[in-house]
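Down below is the structure, laid out as structure tokens.
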Amino acid sequence: MAERRRIRPLDALVSPRFTQIATFARLPHDRNLTDVDAAFLGIPFDDGTTYRTGARVGPGAIREQSRLLRPYNMILDVSPFEVLNVLDYGDVDVVPGSHAKTARAIEDTLATLLEAGVAPLIAGGDHSITLPVLRALRRVHGPVHLLHFDSHFDFWDQYWGERYTHGTWLRRALEEGLLGRVGQLGIRGPQFTPDDLRYADEHHLHVVPIAELAENPKKAVGRVLEAVPAREPLYVSWDIDVVDPAYAMATGTPEVGGLTSREALDVVRTLSGHRLVGVDIVEVSPLYEGPGAVTALLAANLFYEFLSVMAKNAVAGLPAF
Amino acid sequence: MAERRRIRPLDALVSPRFTQIATFARLPHDRNLTDVDAAFLGIPFDDGTTYRTGARVGPGAIREQSRLLRPYNMILDVSPFEVLNVLDYGDVDVVPGSHAKTARAIEDTLATLLEAGVAPLIAGGDHSITLPVLRALRRVHGPVHLLHFDSHFDFWDQYWGERYTHGTWLRRALEEGLLGRVGQLGIRGPQFTPDDLRYADEHHLHVVPIAELAENPKKAVGRVLEAVPAREPLYVSWDIDVVDPAYAMATGTPEVGGLTSREALDVVRTLSGHRLVGVDIVEVSPLYEGPGAVTALLAANLFYEFLSVMAKNAVAGLPAF
Amino acid sequence: MAERRRIRPLDALVSPRFTQIATFARLPHDRNLTDVDAAFLGIPFDDGTTYRTGARVGPGAIREQSRLLRPYNMILDVSPFEVLNVLDYGDVDVVPGSHAKTARAIEDTLATLLEAGVAPLIAGGDHSITLPVLRALRRVHGPVHLLHFDSHFDFWDQYWGERYTHGTWLRRALEEGLLGRVGQLGIRGPQFTPDDLRYADEHHLHVVPIAELAENPKKAVGRVLEAVPAREPLYVSWDIDVVDPAYAMATGTPEVGGLTSREALDVVRTLSGHRLVGVDIVEVSPLYEGPGAVTALLAANLFYEFLSVMAKNAVAGLPAF
Amino acid sequence: MAERRRIRPLDALVSPRFTQIATFARLPHDRNLTDVDAAFLGIPFDDGTTYRTGARVGPGAIREQSRLLRPYNMILDVSPFEVLNVLDYGDVDVVPGSHAKTARAIEDTLATLLEAGVAPLIAGGDHSITLPVLRALRRVHGPVHLLHFDSHFDFWDQYWGERYTHGTWLRRALEEGLLGRVGQLGIRGPQFTPDDLRYADEHHLHVVPIAELAENPKKAVGRVLEAVPAREPLYVSWDIDVVDPAYAMATGTPEVGGLTSREALDVVRTLSGHRLVGVDIVEVSPLYEGPGAVTALLAANLFYEFLSVMAKNAVAGLPAF
Amino acid sequence: MAERRRIRPLDALVSPRFTQIATFARLPHDRNLTDVDAAFLGIPFDDGTTYRTGARVGPGAIREQSRLLRPYNMILDVSPFEVLNVLDYGDVDVVPGSHAKTARAIEDTLATLLEAGVAPLIAGGDHSITLPVLRALRRVHGPVHLLHFDSHFDFWDQYWGERYTHGTWLRRALEEGLLGRVGQLGIRGPQFTPDDLRYADEHHLHVVPIAELAENPKKAVGRVLEAVPAREPLYVSWDIDVVDPAYAMATGTPEVGGLTSREALDVVRTLSGHRLVGVDIVEVSPLYEGPGAVTALLAANLFYEFLSVMAKNAVAGLPAF
Amino acid sequence: MAERRRIRPLDALVSPRFTQIATFARLPHDRNLTDVDAAFLGIPFDDGTTYRTGARVGPGAIREQSRLLRPYNMILDVSPFEVLNVLDYGDVDVVPGSHAKTARAIEDTLATLLEAGVAPLIAGGDHSITLPVLRALRRVHGPVHLLHFDSHFDFWDQYWGERYTHGTWLRRALEEGLLGRVGQLGIRGPQFTPDDLRYADEHHLHVVPIAELAENPKKAVGRVLEAVPAREPLYVSWDIDVVDPAYAMATGTPEVGGLTSREALDVVRTLSGHRLVGVDIVEVSPLYEGPGAVTALLAANLFYEFLSVMAKNAVAGLPAF
């Protein structure tokens, strides 16, 4: 019987962290999915934005800032790259100018990963990329539960007649029956109309405003998840603008008054014990920050925490993916 | 009888938010004050600064970052542009190199607005612009009560013999009898001498240090305002440096240890129910930040919150302006 | 008989150049085309880009940097704003995500201008916007002659099956019969295949490589124009990347080895005496430069030179537009 | 008997804060140590970094941002430059490319200062500079107690065979017997292995994770210091990355989830009453931030707070240095 | 008889160029003028600007970028710091907000230098600072000949009633009889009216447009200087905007189409043999460039070339100052 | 017999240029050297710098900016990736803090490449990396002829006792007998002493000052190469600072007055027909430029031109490597 592959990041004690080609967490870039548990996947598409553009270079920036990720997660007490085989799958070959072609390419790539039992760690791109991801998830897992961290609702019907944008994907996903329970956490900022809130109510979206989320992340997330059985597939879609612009200015539609980085990390860590089948972090738009790259650095660390949750689940025997 | 004008921002569902000429909140730029309730006014003067300069381009940066402001304030439950007719009046024609000529131009423009019953939303420029604003307010309202948010006292007598600067305007205003009760909130950082504190005492300025303001904004503001009848005119002068440099680095004399953006928003929202006759946000100096423009974005959002307070008051029948 | 309107920029001796809302050359923003000779028009569309994005904020950056334009062109000896009535028409309401809808909106807006006898000064946006502009020009003028300044040929057939992009507009324009004679000036950099050159030959495009253009702009442009009668309509499409990245780094597909700013100005000035019916400057992507904004500044000055050529023609009695 | 020198910063009421040559707090640059109590010293060495470089220009950036420091510390109620004679000693003449030569230069300069009874305020440079500082301290004071604020442990044995780096200095200091009690505060982020924690235990390092430090700085620091007699020499080594990247992005190995600036200031102020014989702030790497320079500004203010603690101690008669 | 002082820059072979406090060319900062031949002097005043501000931090940026200046000028074959004693005198204590007080302070400082036989190397600040410099020069030297390198004429009468600005200093100087022959070199860009040229004619200003200057610097400068006897005092006022924004974007009123750096260096070198009694380089406004600091670097190198011309003159026995 | 591998860049018509992991020219990252003709190799070492640091991130920046390189070189009429098999070998595992260990690692990696007949395209790192490269070249080729493009001589003996730095490598190489004929082209800027020139003479270095190089690149290079037989191995070491800071500000010791990008490209193209066995481009220090990344873009294009020269030679049957 063939031995299981061992996939590990580059050893910083051999190759200093600033050297070699930038892949996520300095993992190998490879498309062989044998024995792979999770894969970083870039989806550099930003034609779905309605304001600032540039999320197409988000995956590259996150890769670059992930060079600092070290093996052991002290808080969750797990070494994710020891527990899981992880690699950098590269990017989806998106088609600028065509949401439709891009959506098909995304769905196909995701299907490949999911059918191989690989949990995707997806870096956007703008939030419109989540819709085809959810379609692929449904094909494999059936409707998934969704934790949607964002400062915006993203359930508008259309913009200028366009139905597939970063502000409409959630309505499409609901219309297409892709989702189980849905929590929206971190919502804030000016809205279009009071009707926005009504839509959330009518569709049983569990809305957690920023004040409630920030005050007690554990409790806020807990209340959303209390109706979700731990063994049912949970997907997290994390718009980086749920974090405050001081910590994450590099984004397309920033809203003041968001999470701090400590709060954001705490939020992710509360997910431990839930069957996380995938995650995306979207709307990182690197041109809106300088060389300090704090947004991309935070995104890289959030991926690390999500991965640690998956690893911890694996250790605990939870059927993750 | 003539119908009341309806003034509305550009519709983002027709003109995407990144298009068209940059005015505050994408409102019309117009000097016809008929039926106008509030107006954004830039005062791009920065010769009153004693350290970093550049606040002359503050109004432009705030206009640019105000493109994201949407119609409905979910927290205060009001749609300010539905309740109030608001426009962008443009800038005062300041005179670089002359505080005296500029002060006259400011006072004249303010008088025009105030006499037309228009509440000013003023974007500095440096803090020296507040003195002529207060002079105009006194002409129309009599002495106004003042909430002064800042990390600095701004009541020094002179710098190098200059009596009209961004650090002396409050002393001049007190000397000229322009003010009712005065609260100074957010004070912090190194001072010149212990005498600074004594001056505040002697002139019955209600000083709220940053620790007290940050811990409980509602209580801190409440204690200052408890002696101010709700129907008496209240003016707010907000130096952006009351906010921490992490959230507002683009300013002339930054002081570490300030408010977060969440705290800042909370502070503004506590003013609801007080007769706010005008507000300035000063010392936004955009060259000290990058393309993320978090300071200007925060300032735009603070204006939106102030405007929402005014709208809420109007709905409640408070004689605002 | 009604007197002709006089439209003038803001007077810098009344309103300092850094004050007031940013319009092109501080001209009025207005959509009344009576007595208007030329209009600045932004087309903030960038979904046609195949590499770096962000040209959607090009028009705003050019407006901001056009504040310095003064009334008298010393080299061409003409005061363009005295000779011509010029205004800032604002932006086309583009539709992000849809080239087709955007193209219709562009063509409609251009038709409105052209039918009113207004010469357009168009700020992109990416180069895909030129195709609908040319369509509108043909409706009014018939096929126009084209001077295309660029480092790239832009006549590829498609990218990823997409036929309407910033690299294919010229082939579409040729296929649609929109053009008379075509010159391509400034071409350089790596190409796809030697076939690129053959296409140019087969379609009788007059290609002027950068070395020839830079060595003697007057002679190079002259050779292209010698076959174009002065009274026939000439359109100029200027991709800012024809200029070297040292002078114009803020662009989507920069190529080293381009024109200097002095050479670029000289090139424009050679057009005097040719019936220039419109011009676009495209691919200014401001996020790729810092606060010095040299690319946007150069673009503003190039518009000023083009406008001066038009004004000079008007003085000379050439039927411009 | 000779009168004691009086050393004061430049008077901002004579020389505006933005004028004159940049020295720390606008103090004189001088190497005459007569009557000097404390001295700012730059150690611009960054060959010990394992990731982002550039801390060699840290001291200059901190000097520049210290222009705003005013005479009176309102919170600690002390005027440090009145109580203590402080000057800017300039930089150690480091030797790029040689840790050994640099370490000797550092130790020699420190010895000169310490033997003259001057407390050093040291600006790095990377963290490797702390080892020779501790050697010099031991020569004069014997082993000192150490408060080490950092997000990293810094006690690895070697990198690529190199034993003198910014991640190994603490192990070397422990091996060389330079230290009394050691507290490590603010630790967070991914680690190499679970063994990291074991080393801390075995060597009786008092580790305070970030959550504990942030929740109650006074209590956290108090617990570390309860075993340190107030009259025994205490040294503080402050890696700026203990602060969150939103407040201090300009650093070599940033870790999300750190202290805010308010928390950082509070931490320093708790040290009052402890015999602080010196302090370093290291790893400020200014190229990773923009012109707002919030990291360098924070570092300058932290030095001011440390100096104020020293001054307060001096007033209280504590034998400081 | 006392031996002549020897003043030398810091030795880069002892103190690496990036270390120690930033003074011009790493020369001592000192106000003792004994045996001093030339002195760098900052005049950080920018209230005379009519557009972009920020030249107040010009001297600091030039000091920082002058760290690279080495001892031997290979082209002019002279070691300026061997031939001349040069130091950094620091800055004039300007008064922000008051041109009048600042002008007096400038004139007084200049008088001190000139009366001590010290040639000033002046770093602005905006161009308004040149007027008081010329007043001081006249007191000592009588009217001086002036080479004015600039893209603008700077001889307007007033702005908004203000007579002392960066655009009016030359008219004031002419009115006050401070000048001998005047050459204006590098003029370009849009002007106010054709009258601008007439004023130059009427006042016998020798105008050299940019095209002529760039084509043959030696000839262009030579023609201006042919009427100036080599032994009569010549002053150079160099507005950095005579250089193209690609090489000098950090300036207040940039004009495209200017000198390259090679051309600028060539221009300065042609002055050799003329009795250069002082020079200013003004309008360096560092906030408009990034960390590459190419404008400040160029300004530092231009000072070095001017100083080399002075040194070469001294070697040749020309009575310089 | 095994078929020759075909190695090609990613097809931009499948994967848009902004997608996928950043390797040089979007070539595969691979260490299998079978059938490989040339390889891009990063050497991210910057401990040899004496001024600005940061060249350690040069290779990554050049990879990122090489995304735009297309297949066909129109000027040299060659498709380099068709003619040659090229890949991205990754980086040498340098040892920060140790020149000696790093030099060994460099020499070993180079030996591996050279012995496999692979021509190296080396991206620094600072200029100290060239010494071990030359050592490896001598082992395989014997002493090579050297074209050294730079603004500095780089033949000083030591700095602070350090003999292996970016300013001393050439003297070491001469001492170690690694070189045949040596040309130094582009030299300019202030020097230490007139002796610098004498050293060049005594060691028969062919020095071409910048003025001569810029005026006629073909002639200048030709004169250096006329004594080098076309079939003898020629190595080019290109310090990016030979280019002017306007075009290449991102470098460690910039000197004004350098080559333009057009001149630089012309210089490289003159090498066609000479047996180029390798090339390095060093001292790209990306933190000193903004997002436009013009320096890294230029470096990527220079590599492309060098590679095209090699390909052209291969077509012509010149024994390249």
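By letter and in written order, the chains are A, B, C, D, E and F; residue numbering begins at 1 in each of them.
Everything below uses one rule, namely that contacts are C-beta pairs under 8 Å (C-beta built on N, C-alpha and C of every residue); 3 or more make two chains touch, one makes a residue touch a chain.
The structure presented is a predicted model; accordingly, all values stated were derived computationally and were not measured.
Here the chain-to-chain distance from chain B to chain F, counted in touching steps, is 2. Taking the definition of touch as given, a chain qualifies here only if it contacts chain C and chain F alike; those chains are A, E.
Separating the CA-averaged centres of chain D and chain E is a span of 40 Å.
Measuring from the averaged C-alpha position of chain A to that of chain E gives a distance of 56 Å.
Touching of two or more other chains is recorded for residues 14, 16, 18, 50, 56, 95-96, 159-160, 244, 246, 260, 287-288, 290-291 of chain B.
If touching chains are joined by edges, the resulting network of the protein chains shown has some other shape, matching none of path, cycle, star or complete graph. Chain pairs that touch one another, listed by label: A-B, A-C, A-D, A-F, B-C, B-D, B-E, C-E, C-F, D-E, D-F, E-F. If you check the complex, the residues on chain C that touch chain A are 46-50, 53-54, 56, 95-99, 101, 159-162, 164-165, 287-288. By the touch rule above, chain E contacts chain D in their complex via residues 14-16, 18-23, 29, 42, 44, 56-57, 60, 63-64, 88, 90-96, 287, 291. Those residues of chain B that touch chain D in the shared complex are 50-52, 159-160, 187-194, 196-197, 209-211, 214, 244-246, 249-250, 253-258, 260, 287-290.
Residues 12-14, 16-18, 67-75, 77, 79, 244, 246-247, 260-262, 264-265, 290-294, 297-298, 301, 304 of chain B are the ones that touch chain A when the two sit in their complex.
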